[in-house]
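What follows is a set of structures for review.
In the two assemblies presented below, chain A is common to both, partnered first by chain B and then by chain C.
Then we have the complex of A and B:
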């Protein structure tokens, strides 16, 4: 049967990359000196699976390479080898190398063999104390000996030819336990008879009287005569699984005469595996060829497709929900069939049910897009490890709340900003060990990466216990760069936010680790484009905290509909603090600052929606009528003056940019139940507008 | 047609095994580790078990040992898939009650031929 193995390649690659990630995080979490055997086991298992899979799917280079890793890890696992920092580093390097190899293979590119050879040499030195030279014996032979099923030894040219009956006399005496492993003499005989003509002579003298008979024991033995030209090895092969469960004697049927070469054995149990055997040539050269033809990723094999892994529980819930909807729908259909007015109550109930189920269904579908943030976090331990080594700093990274779920789109887009922020903390935040000790801090710096849900948001925090930001330095720098005026009086918060201004960089000298002054403003822009915002808290000498607030999902939002004239606008519910009816005496005009109102003890700016969106329709409200929706954006409070509050509802966000163009103060649009379009307000954007 | 439970923590291997067996007409169910397999094996009785050895949660050898304790699996053939060509693991498997083994890597044809040794 021919099975197209390339159909499994995609799964195999995904699995490999997952395995590599597991290895990487395992390696990074290894505490030298106090080795957790479970971690080593996990790492070993990942290497082992990659090796097994790559062998099966014909990626010999990978199989060969992982074999060396596996050997090394196996020795660590058994405690035959110490886990040392250099060994861990070599293994980490190997993870990178494998990832590179697999990516090349996946993209149908040539594997960069010089890099592979370099890593392989490092591994071998770690393993043997020396790199295997040109002969390359250990690695090549091991990996290339993929012991096929039931190793069928080549019929050795035994120089024998039999007169009449060529074959074997077999004394097969199973132990009582033979049946316990699910083996069955009958099957063995069937196989034997495939080799030639089998005659058997059964010996039942050991069978106990019926009363004492245990049917699970094998009390019978056989004398078999097999007329065949198969070799002894081929015959023994059939018994290989029961070797330990029986006494087996083989004798040739007739004395062989010296003669011509025998014919090849007729198909033994299993043919030798056609696994590409790497010739014992120097590894690099051999491996280069091994971009295996068998795996020639067939034309239809998808390249890096974007797929998503979903918990089966989520799918089950979804299917459940769909079932509910179908039931409700058929119930409504029934009501509609012979509708009479007395069924109105029933109809309403049905519709209410439909609404509930639709909402649940929607939630379940959205849930599928939710991935744990660990998808992003998991790569940071490595980053921190590598960079801190490079900087000669001692830093531990703590991950908190890795299982917090966020929208897939957020997962994809938040990575780059986070990398930037973490690099900043590593480079500028945490001090050199000596400096830390001098400041009375532990030598080891800590960076904490946290994720948690709050309200309708997910919050990601990067907390370091480094030197913190020097506000006077920041201010001086900003003035020097002409970003702010010397006379401006700024709050601490505003000073810290200076780092988000384009062209601002405090590093006294630029390093290749963190920014070139293009950093933080881009970070902030990226986060804002995700509908989020970013805050900084920093204390000189104690450390900094950067908090990123992001919406849970980018596709649906809970909104408050408000009326302005004849138009309806949607205010994201998460930004609303409260809504109040306005009274005359609450309003103040402040010269040069526009309108404000007093909320308890604070004066907040008012934005008149009617003016900002130039709405003329509808009954013109007097300036002192309406509702103020107090919202928070960019860390500041602000009041939106609208005519009326309508309902709250979940709205599906449609991009305005894609369908029309970008409009300031509007983050998107949605379609209301009556088919009309409502704009979704971009609260931070509007607040920014009002400040201007 | 005979029913087979294919156990492997590696999705690609599992898919390969199960696809091969299904194509050959067997009734195949998949399990992703020993724990999963044991549960599935209790729900219905399979005619044959094909399991990987190295797996998280419960390895293949422990799975075989556990299954052999169940009356309905006393004589069901159980094959283990191992990358280790050495006898040590195989013997460990045999002691646990494995019927036989297949050494990885193998191709679909080898898999089917080996299965024929224990099925039918």
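Then we have the complex of A and C:
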């Protein structure tokens, strides 16, 4: 019967944030001068549902605020108001303000009212041409006021309460049988009044005429107002004994409510139901003790747990898969029950089936964690809009492949690097309109943000048609900063890689958007920590493309197991370019120490795994035996010399740090089929280690 | 972290009526060569026999490697080598005591290799003597105190200090 509203809060917040995103993207796509009424409608609908929802949940601040937005949007929708750029900007500001408010509420923090007031004033100026001190507030409150179902209001003269009160409005409607179960409302009220100041309002309209009255039936209901800082749970607990026997509605008293005058009304009650109620109303009303400050456990609780919305389709697939596994398992069980050698073929078939189902099952479970990359992309139109306005550049952002799915963890971690890269493109990549026209390019610059799957990877590309990177300038800068030696001959690719060096910046002047020379190295580190890598292609005058390759998931990795002595290591398949058998004439000593080998036209350094990992076990291989695994790390190719290639497999990544610690050259561990542990190589780390 | 902190809490819970519980701590004692050591039994998760480990490269020699303990990757540390005692061959009787360190969300599980597990001893807190200076061999930072049990001396180890190896610290910084 009773509904705990807080269980819906998470959903409400999610919906609100989705609504805000819809509003934002709608506002950004509005083309001043040629207004698409459907877009305005979408924005309006989003604002309206946020208003409705926040009203229902008692977040009156939000409801009031959204009401003003809604009024403004409504006028725009009806064509009574021109859609102007300042109006859109004010609305965008409001979206930010709402997001801030909702985040505060979600984290159970206080809403920053001064910032809200500022935005509200801006909105009202837009709406009325002048700030009107909260004319709309009552209307909003009214529209948003929670409507508890069970409240029976009596036509009574109303008295407005001014001070803001915290507490609960409780509609308590006992069923007829309440008294028969031995429950006494008086006791409940006494308990309630211990929590704070209780005022009650008795509803006797359901009481039958005296002749038909059954004194054992409870025909009255109460509307209680409890001024307290106790939690909803604390209040509900008091009612826990009678939960089954009543309809209970709880609504917070967040705002000055039009509350009724506390009415003791003992007289009519006495004749109605003499037994319990005589003292019911006056007793708690009189007990105006100071509310005991009960510590609020929910305050210290961690904020809303992260949740994920999953397509029902995905869950259906998962269930089908589980069904298949169960069938295969019972089939295998049957074979095992009285096993004879002639059933080996059957067993093998069963096992093969089990393997296939397990893989499918794994895939479907992974799928559940997959989110479309639009979760990240959707915020960039706003970023581009804001920054291009600030820089006086004309830039459009094209999003391609927003529905490409990627692991939730990747989605969460890829955002900051992307913001950085987009800012760079905006600031350094795209030229000023005049410069563009002079170069014979369209005035409007384009940044394209693409996402697509390739192999077991997701590729995110940021393509701009700006000025591109000047390789000679990059090189000159690097030499000036002492990052590279003047005599070094570098390939084009290596020169472009320079921008990932810490402290490297070619920006002539610092802006608040970018150019401090921190960043690109951090971006690369972040992406590598996700198990991905980043590439740059750039042509002077034509633009740049930055491509990020990321694994689809962080939990499972395609690996190549290699043997070094008696030990097994896993090399991530992503970083492997190729593997070749070593021959004597391929090896070259450099200065008697380092070794290189010639792969087609390039000389690549060799890292002997046996030496770098101090492997002593196993039969020592001759220096010219083994397999070279050519890997790419830190943008450079390099060969790992191992004893043998064992096989490719998907491995589950386990943290080595959970119980142990970080080990250089190792990014994690995994458990092999035989139960033993194998270490996963950290390719860029090993390349670094070998340089030392 | 160790028993100094835990015991007052226990006392507070149990009150004055049960002094025999509050003043006694149980230790699991084990043998390294001719020496006997004890660890707080509440820190012992399980006792296993030695099984081959996967070596981890470029770590101090007393960190033998890692094993798979029901899906968790758990490091194994040789206490003999840690205490600079003479090495012995691992036999089927060699024992790995799996210990828990840290508290709250920062617990870690580690295995320590010892020669054999001998006993569970109940020690009256009053009987624990402070650790004297051992000189160089066994650094007494790991030792909480000494206690004698039927004429034998048992060194009580501080699990947290024992397993918070310097290299771990450096790495965390």
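Assume the second predicted complex is superposed on the first by the 399 of 692 C-alpha atoms of A that agree within 3 Å, B and C clash if a C-alpha of one lies under 4 Å from a C-alpha of the other, contacts with A are read in each partner's own complex, and residues count from 1 in each chain.
In this section, contacts are C-beta pairs under 8 Å (C-beta built on N, C-alpha and C of every residue); 3 or more make two chains touch, one makes a residue touch a chain.
Keep in mind the model is a prediction, meaning the values are calculated, not measured.
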Contacts of A:15 with chain B and chain C, given as first, second, both or neither: first
Which superposed partner A:32 touches (first chain B, second chain C, both, neither): neither
Which superposed partner A:45 touches (first chain B, second chain C, both, neither): first
Which superposed partner A:187 touches (first chain B, second chain C, both, neither): first
Contacts of A:614 with chain B and chain C, given as first, second, both or neither: second
Partner, of chain C and chain B, that touches more residues belonging to chain A: B
Touching partner for A:351 - first (chain B), second (chain C), both, neither: neither
Contacts of A:57 with chain B and chain C, given as first, second, both or neither: first
List of chain A residues in touch with chain C within their complex: 567-568, 612-615, 617, 654-656, 658-666, 669, 671, 675-679
Residues on chain A engaged by chain B in the complex (per definition of touch): 1-3, 5, 7-9, 11-12, 14-15, 42, 45, 48-49, 51-53, 55-57, 63, 145-151, 179-184, 187, 191, 216, 240-241, 244-245, 269-271, 273-275
Residues of chain B defined as touching chain A within the complex: 9-13, 15-16, 19-20, 23-24, 54-56, 68, 74-78, 83, 85, 91, 94, 97-114, 117-118
Chain C - residues contacting chain A, complex: 52-59, 65-68, 71-75, 108-110, 167-168, 171-172
